[in-house]
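Working notes, structure below.
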Amino acid sequence: MTSFAISTHGLTHRYGTKVALKPLNLDVATGEIFGLLGHNGAGKTTTVSLLTTLLRPTGGTATVAGHDIVADARGARSKIGYLPENVQFYDDLTLAENLRFFAKLSGIPKPDARIAEVLGFLDFEGHDHERVGAFSKGMRQRVGIAQAILHRPPVLFLDEPTSGLDPEGVRTLRQSVVRLNAEWGTTIFMNTHLLAEVTRTCTSIGIVRQGELVHHDSLAATLGEYPTEQALESAYFDTAGSAA
Amino acid sequence: MNSISVFAGKELLDLRRNKVMWVLTASLAIAVLISVVVASLDFRTQMAAYDLYVNQLKASGSTVIPAAPQLFPLQMLRGGFEYIEIIGALFAVVVGYGTIARERFRGTMHLILSRDIGRVSFAGGKLLGIGVFWAVIVGAIVAVAAVSVSVVGTASLTGGDAFRLLIAGSVSWVYLMFWSAVAAGLTALMRRPSSALILALGLWLFVVLIVPQIGDTMDPDNQVPGGLFKALAIQKSDEVAVLAHFSTFESARNALEVTSVSKLFERIAFAFVGIKDKYNQQGFAFIWYAMSRYTWSILAMTVSATVFSLVASTRTNLLRKAS
Amino acid sequence: MGVVARHELLASRRNRAPQLLVGMFVGMVAVSSFIGWLTQTTVSGIYGQVLADGLTTQPNPFVDVVPLFFARNTVIYVVMIGTLMAAALGVQSALRDRKATVADLVLTRPVPVRALLAGRMIGLGALLAVVIAVSSVISWVSISVITGSALGVDGSLRLAAFGLLTWLLLLGFAALGVLGGLYVTRETSALLAPFVTWAVIAFVLPQLGTAARPVSLLNPVASVPQTSGVFHAVSYVTVPLSITEHFKTTSSAILEGSSGGFPLASLAAVAAFTAVLVVAVVVTSPSRLSGEAGE
């Protein structure tokens, strides 16, 4: 039997009368890198906000690493790492001070060794005593990954992780994601509106359109169905529905 | 409990790094120092005038020498406590606002709340950090006050004086915590942090300046320059008898004043430090008897403000977009 | 410039937060006459009682009170609430564009920056004028009701002159707020800077020149600078800068015909304060207008 890192049943969210996420049934197997594709406003961030317990669903249920996101929200939180889009830090604090704070919040009592380990893993040493305010976008994104994996969470959520990065930054981030998955066995749930992102990094793909999951399959199966990049691209535009 | 102490530690680090906070607390300490210097110089001016007068009397052959103005060192702190009452409260509002607004503006709220922390850890830890901060600041200001009274005012402070200062310092801490907690609660509650700041400043204006000012205005004795009863040449005993006829007006005025946490702070601090003549050089039992009601009231206000702040800091409120 | 001024009025009207302070100001002006009346009634009652008890032979000190005596508390509300309201409006005005990062969009239009800034001050000035006009009408009506007859021409003119003086002072504080919003990076500090400046002007400077304690400076009557000793020497520096005390001096001269202090010199001090700050706003370099405002 496959174990699921993420499992949702009819998970729904409304903002007032506006439906942001139609009943979502999704299973992401442990050890996968799942990419959720969709245009801006399709419901990707709402999905991640629900699964990271930042939003309370208006309907349905979901478990993350075996913990119900409503009944056992704290249990779920202890198993996840999260990198929001456009992540911000305490600019007046140094890299080490920022990470120490988040590590302690994640229940790591003596965090310095762990911080060194994580920064080593991300090839991001030598900046410990620099203030985060002076960091470039690419460096900040690496701090973002670092804070998210300090406590070695089994499930990591990334919301538009490459947004605003230069090609070098994008490449570094992709490498980190793949290595995390391969070396630490972390299940990764990644939101993106970039097709290339998914085909290069993910093992399975979901496409969300106007709050509804319209496609979900493994990367291999998806590529079998759409063998050329062109075919996949037109399928993405058809399924994701270019509203514009 | 652990995450509470993490937030408290982080809050202290933030405040230590915040240059504005340093400028503010330094200026508060300087204002207190200035008011002691002013009071001390004022006393010297009075003494000089007295000496001149006595010399003139002696020269004219008079043998009746009026009593010299008496110096009660702690009374020189009146201006200092008034600065804590007015400007200290303003800074406390800013500290309380800043602690929540910083996280909401930066967008670090998501990073924090996606972690496994308790319901009140965030706000509780922040308030604990602010509590330690104010304890240090009030401690420093009381030390500045004590040293300036001794050095500038050339007065020696007794152990009893130090104890009185300690009580007044503790009340200052309770008072400043009230304002920080209220501002933090409002900042968590309101959608726009900047609206919360203006609301908190409006509240500050009303409670710290307007209510006491209305209370003063409603004091009949303040209506005529030099005092109504003095203008009518009326003795103190008769004044009390006359005012007894207007007890409803007087109690309404008093009730209005004691709704203001600032007025409570002022009354308690002034009584214990002996700034108010009625309590000067009096024993603690006497002062406590008169002040216990006010002390319980100000404690209740601060506890309520803290509870408000904790209750207002729900995940939903904290995560709302600052639109 | 007109476009900017009109935009300023519209944007200020939409932003509800500073309106709280506007509401407090107008509300307190409305209530102050009532409080004055209530207290005066009580004082007259006390006088009646004292007379009946045969304790005094002095005349009623309230008999000769001019009707505008009831407006004297307004003076202190201008100093306490009005100035802070104006500063908050000014800060919000300057920060509005920076927060929305629309300053760059505005600055790429063919409009000289000085015209933009002047337009902003005109808009704020118009807004303050409306608020002061409303509060003056309220004062006029309530004083007429309390005294039982419509305020005469002389009284009305004095009230109008007081309104003008108030406008002058508040425009200065609005400019102070705009400067805070333009020059200080973080929003909290931008709002705080004019508040702290206000505290220094209203409390610290007068205390240095007069030995008056902070709370006693909440009295509508200006404190008298000391004529000898150290305070006298210090007062040479602090008195010209104690703008709120000058405002009180000029106000008592206008409202109650009081001859204390030097009302004309005080008026000049208030006018100079406002002129300097408004000019400082208008000559601000364009680089100050953009740049996103942080917390």
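The letters A, B and C name the chains in turn, as written, and every chain counts its residues from 1.
The rule we apply is simple: contacts are C-beta pairs under 8 Å (C-beta built on N, C-alpha and C of every residue); 3 or more make two chains touch, one makes a residue touch a chain.
Keep in mind it's a predicted model, so treat the numbers as computed, not measured.
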Can you identify the chain nearest the overall CA centroid, using each chain's own CA centroid?
B
Average the CA atoms of each chain to get its centre, and name the chain whose centre is farthest from that of chain A.
C
Of the chain pairs A-B and B-C, which one is connected by the greater count of C-beta contacts?
B-C
Just curious, how far off is chain C from chain A if you go by their C-alpha centres, in Å?
54
Taking each chain's mean CA coordinate, chain A and chain B are separated, in whole Å, by 49
What whole-number Å value describes the gap between the mean CA coordinates of chain B and chain C?
25
Give me the residue numbers in chain A that touch at least two other chains, ranges are fine.
none
Give me the residues of chain B that touch two or more other chains.
106
Within the complex, chain A is touched by chain B residues 2-3, 6-7, 10, 13-14, 17-18, 106-108, 110-117, 315-316, 319
Partner chain C, residues of chain B touching it in the complex
20, 24, 27, 31, 34-35, 38-39, 41-42, 44-45, 48, 78-79, 82-83, 85-87, 90, 94, 97-98, 101-102, 104-106, 192-195, 197-199, 201-202, 205-206, 209-210, 212-214, 216-218, 220, 223-225, 228, 231-234, 238, 241-243, 245-246, 249, 266
Contact footprint of chain B on chain C as seen in their complex
16-18, 20-21, 24, 28, 35-36, 38-40, 42-43, 45-47, 49-50, 53, 55-56, 58, 61-62, 73, 76-77, 80-81, 84, 88, 92, 95, 186-189, 191-192, 195-196, 199, 203-204, 207-208, 211, 213-215, 218-219, 221, 226, 228-231, 294-295
Under the stated contact criterion, what part of chain A meets chain B in this complex?
52-56, 74-75, 77-78, 80, 82, 84, 86-93, 97, 101-102, 104-107, 147
